[in-house]
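Two complexes, one shared chain (subunit A), two partners (subunit B, subunit C).
And now, the complex of A and B:
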């Protein structure tokens, strides 16, 4: 009995420490499920995985056809992110399928998909769900006869050294990637009407997607800069997906290899792959470019409380605080955040001015229209989470006693009527006194 | 021909002036009042033409007060004029009392409609 009581006391005393691990502000370790075709990838791509582990990610490696893997249990997701390094898997083991992965992304979790030249239909289908279409030809690879990496062994120009990298400090960090990025695998194309996908690394205009081992029978389906080598998708719920057609880009061999682009005499000691994927990995897992808007307030000028209703031609102030998450909450500084006073169309559109500490505010006059308006902030910038803030507020017209008592434009008429009365009065006096 | 028409106009004007000079003073006072009212009305119409008819009720009220007063003054003049055979039996005091009461009603209405 006494032993049980002691055990119970110890258990109770440990509970407060357990609750600390769920604090929302301090970054907790995030669990990532990594599905592989072959456990050798764990060691052949160890540099990439180590960079994730050093940033406090708990990686769970599993074979893709392991029958016990699942993303959900009892309605809760077991992992915070998913990495699919299993291009040739035909069917996942366990309870994962295309719908489960789509549901995983729909609930706001991040995903990395790497295919390669023996990509199965399954992986292609998952990529299509995310908005990216791999080349349908199963044996096609991206070939480029002018932008290939000079190497001693492979002469078929499928090893590309690409430096068509998107320019974005948010996605790829502020340090420029000097060396070209090595790529060997299948290319994909993006639907031009899809505005959620972005080409991070695109092929040069002379690239095309075809079978390297046979002569070209038909014109290639995707060519030139339309071929994307690495793409990112930021979904409307701000889940981020990274898709690439080359699993070997992540390998230690490519990270460490030197690179020399054809036609260029500079030989780089190390390819840009490691920096490229470290920075891109930070972006995909929301360590950069993740915005949070808090404290949306609006009030009449001079009053601190938020009113339930405004009147037309009121002066009001609107303010919002925007922070960027990069390890800690830093104030986000930009000069292009705008607020709309919106009812079917924006009646007022103002750029918010910032105090450089994350507070954005502006003041304007309510328009001369009554109805139910919304304060809308629609902030879509490349690489940043979308901010769609909206706060509804009604606007009423003047009450009957809020109009001006005397209309200045009508003063002549007032004067005329009064002068008529005065004239009548004087006239009666004169008329009566006149005999 | 032109000079003779010019002379005719002048002669007519002079005739009118001398005939008017013969009217009694109290009628001249009433005429003066009517002239004042009509002028005020014209000024208001000119103002409305420039600025627009925004408080239209005020405009109507102002113009109507002028015109109404002019009309009532003209009625008074007709009734008080001794040369007018139609109102020979009407006492001028009665005419004046009517004038005053009508004006009171007129101005009451004007003040309400002025806004």
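And now, the complex of A and C:
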């Protein structure tokens, strides 16, 4: 009795904590590890960090060569995201290496990489793992003699003012970024074999990547709009990665400075950097563009239960609820979600109709082919997490008693059989009688 | 005279009475002996097939029996209608297989009935035990049928010998040991039963026997695809009888009722269905059926017409018309596609080289290879010599029945030469014909011995009937020599038959009782080593992989994976879709990245290969690999056999072709094998099955990872990695 009462008391006293920890209203603070070359960056880039903190991110600042740091302990990842603001690090302290970071991303966590000129091989290697190749020349920077930002030092065309921003409300928010984004750093190109990486901010066609201090001896390795300034990768497990060749883009100085593009008279009070990175930060950390599909259902018309198997030519209904996460779950509305009824190739391809409240549904007839089919929804939209839903369902042929018993075409045969029987009977009777 | 007459009559009556008594007694004795011999043979046939259970355990053997076992289990659990309509989504992913419509249900239904009746009698048996013992049980029944068949075509002595011969004949035992739960187990019984009942129907002209043979035929059709042999042999037999002028009303009744009813019954089996009237293999029976009617009509007309000239004219016209109509019907039917042409399997029976050139999938099966002389000797032993002798006796006493057994023997011997596994079909005929030889010889010899004794007895006691006695005495003069030689020959026969018995016993225990799923070998100290790797791997699959995981392997292991591992397979031993098998063959013989694309398109989660390099197990996937290449290349011409050969030679060592050294099968078989020391005094990576050091010791896998390797490396399972996360 006493033991039970004690247990009950303990339970009662723990209950508030338990219920608090599972509350949907106050999600757990997400921990972000920020690795720096120099702790000064903490203050020089404070605006960017503050915007994260204001969105309930818990930032842990560490020096990149701190021997204490590690990404996982006892098989658990310690952080939800990682920011590498340490372009010149040769090797990390602690247990972090390229493989650890790749594993971090592969287990679904987000990553921001900012390089700089003189970026270390280490950072380049991580970028290569993500499908992005920085210019191999260590002293090269992106130079643009037409769309540079007007600055005090005449002839310095490495400070670019780019407005080649990807047009995507999902990635950069619905508010248009008016001012050009300032960039100063190294360019990168996208690996053509990687189709998950997307340019967010690209250089103008007149840009090239070379050493600004020396004369151009060889043609630059990457030129024009092949140069990406800021790229994002959304991995197959929906981990998001932001890669840029410029750490200074995130700095308070760039966030606050005015910008005037060369050859353009409009002078903006503020560069677009703050808005650009705040919005992009929201995207990278899954505050926007995160789709979730729930309640995937299919059943025969008129039946609510999901069958274990369909029959050919069954009429079925398929429905799925899709929500978008942007702070709260909201119904996702689109008219281009399609479902496939798939067995090695799609036999049925239907666009799902939505009720504007997140429910997508359609009805179709099972094709006249038996086999193991899949309901497949492959929804790839720029900026959104990939929806790749598949549900296996076998389709069987008719059972022996599901065919029509009497068909009109067979009536002559029925008649023939019956008349034969009758004739045989009469014949026998007559034959026996006459004997 | 009168008195003497009366006396003699009285004594005759007395003697006949006493003789009748004695006769009755000897007849009883004979029946007693015959029944006890039959009982012993029945038991012998059963117990000599239990070696496998004693040596290993009560388990299902080989490959196909696992499918049969799985379906029987399903039948007993879900009932007949579910079984009949079973659509299996676990095999042939993603096509699936309509099991109810693509199997011969006879075996499963038989086993399920046995199981249910044992259950009804309150015997708490497991269905596996029933399945294991079904084949021996039916082998015992076959001996009974063989007895009656022998009695029908020769005499009861031949029947007894036939029963004894077939009970232990290795050719039959090879497919009917305990655990060999395959269609042939019951089909040989059904085959012999059908033939016996048909011969009986021809001999008696009885409608009842003909109907019984139709039902026997139905059972055969429900049990095995080999029924095609019956439906071609019987018309051939009828045709021979017609041509040799042995047409009779008995034949007419027997054949027509058997054919019509048998056809209707056979069409009830879903797997046969309309094939029975539409496919080329069955056309001979239909043609003979119509020919019979023409014959009957002619007979009737001959009976009506007294004028022979008129009849001759009529005959000419009718025969020409009938043949013309038949040829036209066949031509139109074939051209319009209503009559399907012969299948590849049928062609390969008639022309042994056909499969090798056209259907590699048939040629790749070891039991479809042409038979070697040694295996004839192995499976028949002395029957091989007794068979021609028996044929001689049959020809000496030609009757409808002996013509049948001669034809059965000759045709099945031809087919046995074409395919190893058809030795099975020839076995009953060989046993029966040999039994005739043995029985007739021994009977003649014993007759010689016994007549002499009788004559000497009558001579000493009575000494009357001068003329007869003198004639017998004349015969007797040559008999001492004959008697001795008869005794010698009898001893010879006894010696041969006992040799046969010991040979059969030895073959059964040594060669035909291995389950092939558990391997046994002799260890270094002469002890028995058991390799139970297959089951280890299948149980690993069952325990450690997701329920809906798809396993790709070469088709040989498909049935076992579904039955024991309970996982979905891409292809299995029911080789109905050549393209699907060729796709797997292509994946196995491609480079890893190409294979990865194929495996992704088939949703493959695991790949299973069988590898004998560590244990020296020679029937592994590397040795089967050229067939994968050939079958894959038959559909996908990008796969070319010469790429895997060096100067026409198949090798895995350093001299192997680069494509061979880097194809998926090679990599999966030899992954990390280069680090392993298999034999003392040999370099690491020494393949004991091929006896060479492998050529590519540093195998790197990019798209797959090793998931499980059994303790003796016989089965290796790899997991297909998901696509690269960041690319």
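Structural remarks
Please note the rule applied: the second predicted complex is superposed on the first by the 381 of 435 C-alpha atoms of A that agree within 3 Å, B and C clash if a C-alpha of one lies under 4 Å from a C-alpha of the other, contacts with A are read in each partner's own complex, and residues count from 1 in each chain.
We adopt the following convention: contacts are C-beta pairs under 8 Å (C-beta built on N, C-alpha and C of every residue); 3 or more make two chains touch, one makes a residue touch a chain.
Treat the numbers as computed from the prediction; the structure is a model and nothing was measured.
In the superposition on chain A, A:434 makes contact with subunit B only, while subunit C stays out of contact range. Residue contacts after overlaying the shared chain place A:409 against subunit B, while subunit C stays out of touching range.
In the superposition on chain A, A:327 contacts neither subunit B nor subunit C. Judged by the touch definition given at the top, the superposed model places A:371 against subunit C, while subunit B stays out of reach.
Of the two partner chains placed around the shared chain by superposition, neither subunit B nor subunit C is touched by A:67.
Touching more residues of subunit A than its counterpart among subunit B and subunit C is C. Within the superposed three-chain model, A:424 lies in touch with subunit B and out of touch with subunit C [touch as defined at top].
Across the complex, subunit C is touched by residues 102, 105-106, 129-131, 193-194, 196, 233, 235-237, 239, 241, 309, 343-344, 370-373, 392, 394-397, 399-400 of subunit A. Interface residues of subunit C, counted against subunit A in their complex, comprise 81, 84-85, 87, 89, 93-96, 98, 548, 568, 601-602, 722-727. For subunit A in complex with subunit B, the residues that touch the partner chain are 407, 409-410, 412-414, 416-417, 419-421, 423-424, 427-428, 430-432, 434-435.
Residue ranges on subunit B touching subunit A, taken from their complex, read 25-26, 29-30, 33, 36-37, 40-41, 43-44, 47, 51, 54-55, 58-59, 61-63, 65-66, 69, 73, 96, 100, 103, 107, 110-111, 114-115.
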